[in-house]
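Labels run A, B and C following the written order; every chain starts at residue 1.
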Amino acid sequence: MKTTTSGLTEAAEPVREAGEGLGRAVVATFRRDLTAVARRPGDALTPLVFFAMVITLFPLGISPDPERLALIAPGVLWVAALLSALLSLDGLFRGDFEDGTLEQLLLAPHPLSLLVLAKVAVHWLTTGLPLALMAPLLGVLLALPQGSYLALSATLALGSGCISLIGAIGAGLTVGLARGGMLLSLLVLPLFMPVLIFGTGAMGAALGGGEWLGHLAVIGALLSVSLMAAPIAIAASLRISIHG
Amino acid sequence: MWAFFHKLGSPRWFYGIAARLSPWCWALALALILIGSVWGLAFAPADYQQGNSFRIIYVHVPAAFLAQSIFMALAASGFVFMVWKIKIADMAAAMMAPLGAAMTAIALLSGSVWGKPTWGTWWQWDARLTSMLILLFLYLGVMLIRRAFARPQSGAKAASVLAMVGVINIPIIKYSVEWWNTLHQPASFTITERPAMPLEMWMPLLIMVLGFYAFFAAFTLTRTRTEILRREGHKRWVKELFEERP
Amino acid sequence: MRLCLEARQLACERDGRWLFRGLDVALKAGEVLRVEGPNGSGKTTLLKILCGQIADVDGEVRWQGRALPRARADLLANLLYLGHAPGIKANLTAIENLRWYQALSGDGCPDAQLEAALAEVGLAGFEDVPTAQLSAGQKRRVTLARLALSRRALWVLDEPFTAIDVAGVAALEHRLSDHAARGGAVLVTTHHPLSNVPGLRRLTLDGHRQVAS
């Protein structure tokens, strides 16, 4: 065993086996993405501002009458949340694709589906969760009746998890395409519809004084299914986009 | 089993077998659709509630059946293509997708035409029609992603993945849309679900459904043959095939 | 176990054109193999095939005697691949970039080592600068610092000399031969002659010749 010029590494170790340090790799990827967002908070704020702006359009476009607004508020809030998620999803892998780190991620000796899960988790933490926390404020603007604020936040928090996971499949498929963002919305919006239906359904139930936790449980079930199935599809779509 | 699978995967072998099968499929499709439509349109009794307008069922229902089945077939082909790298599966999928989208569009249009006399409006957010509309979006996505890639090979894989993701979602979408529909229109009248349809009404329907499936098979076989020639045009066996003829 | 990467009867078609056919490649411990050829002759594609990134080709690739799709994970555990893009995130600092790479490859290492590696590629004092503020050559040097840290036996380098100055080229050439001398293996594409690398092996990809064979 000789030392390198710097004496840093002992030797080019002869051949070893795969499968160590998965946890460390996932945590490092999670921290790296979180740091990257923290360095450029504007990127994370844009979807939130967009969300607020879309909400503002509705009273202007329909009527400032609180009763009419209250009627459409749950749907409007949810649809605006879906649209603003689309806005951020396009960038989920694009930056990594352009600077070449995505290619390096695919070469890591770990299951890609778990590594991308770290990236999706950061996406949810920096877009979905803030959106869920901010939504009640905008609910006030739309005269959302009392009693559905908790349902709004809770369904958005869980639902945006589904959206991040399912949307990441589309983001993976379109990352290598010029103007992939347009196609991304076409691919994933139909897949978001069940989440939208149960999200607004839960709010309707809460408004009617009914039991909305059951609806939340359905969204939770959708989230668990997405958690199990989506990472595999995300990994497959990234492989297609990078290696063809 | 494996030998058969691999044989089936060979474009050359498929080209030959499809040539032998497709005339039978076309004949069967033509006969069934002819019998079914004459029976259904001219001889089946009129509906006691809807009169003659119900007869559009003989197009609407088979088209809706095919629309859903073709998406399943698309996902199955995608799976075969991704797992066993059998190119024929992808060629067939590429040919099936536009047909499926067309069937979905026919189901939507005929549903809408049917809705006018029945509901008094061209469009109603009926659970089935809404699911159909979402299915159309899924079809469009699969067709668009295939063309979006510069390399056909990548487009094929992307379309396969999307079809598989879509097929997992279809039951969820159907269930959620049905639930949503009961939530908003508790007393909605669904056009295709009738308590008891007399034999002379549903027999032609059955024949039409079978005819549409036969048409699907014939169409896919014929189009896949053309696609084989297009993609394998530079291979020796294709060149030999056309050199022998003149 | 001694490192051994070999490919037999590789054939790769892109857009109806054969990039290469019937290609045999072997790379053993202690070797530096330079892949040469004109633009568009498939150098990058060959590199990607050999490290298991592209799989839809004819022929087979073996790592330590085991065929690739199956041996891919083991190959990746021993691989350091540097592609065209520097693979450096612009809003992270040089040291953060390296830290991520080390964690990803499973060799965590203290910051002192990362700093030493950066110093070695001439980036002392730039550790905590976001790489967006570095020049193209400096970014490439951050990437090359991974070579100093790596304990991977197989290096696959696609145009590693891009944007590197003369002194940097000499240092990198030295590093490659050093790695080979320690029992590693290097697969590299470059337009530099690599005259300082003893025992350099060459593989020429020439579209026309390959079609004829």
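Structure notes:
The working rule: contacts are C-beta pairs under 8 Å (C-beta built on N, C-alpha and C of every residue); 3 or more make two chains touch, one makes a residue touch a chain.
This structure is a prediction, so every number in the text was calculated from the model and none was measured.
Every chain gets a centre from its CA atoms, and the centre nearest the mean of all protein CA atoms is that of A. Contact counts per chain pair peak at A-C. Averaged C-alpha coordinates put the centre of subunit A at 33 Å from the centre of subunit C. Inter-chain spacing, taken between the CA centroids of subunit B and subunit C, is 48 Å. Multi-chain contact residues of subunit B (touching two or more other chains) are listed as 151, 153. Subunit A has residues 244 in contact with two or more other chains. The set of subunit C residues touching two or more other chains comprises 56. Here subunit A touches subunit B in the complex through residues 166, 169, 173-174, 176-177, 180, 183, 186-187, 189-191, 193-194, 197-198, 201, 204, 222, 225, 229, 233, 236-237, 240-241, 244, going by the rule given at the top.
Contact residues of subunit C toward subunit A in the complex are 1-3, 29, 48, 51, 53-56, 64, 73-74, 76-79, 81, 83-92, 96, 99-101, 103-108, 113, 116-117, 120, 130, 148-153, 174-175, 178-179, 181-184. Those residues of subunit A whose C-beta lies close enough to touch subunit C in the complex are 1-2, 4-6, 8-21, 24-25, 27-29, 32, 35-36, 39-40, 95-96, 98-101, 103-110, 242-244. The touching residues of subunit B, when paired with subunit A in their complex, are 82, 134, 137-138, 140-141, 144-145, 148-149, 151, 153-154, 157-158, 161-162, 164-166, 168-169, 172-173, 175-177, 179-180, 183.
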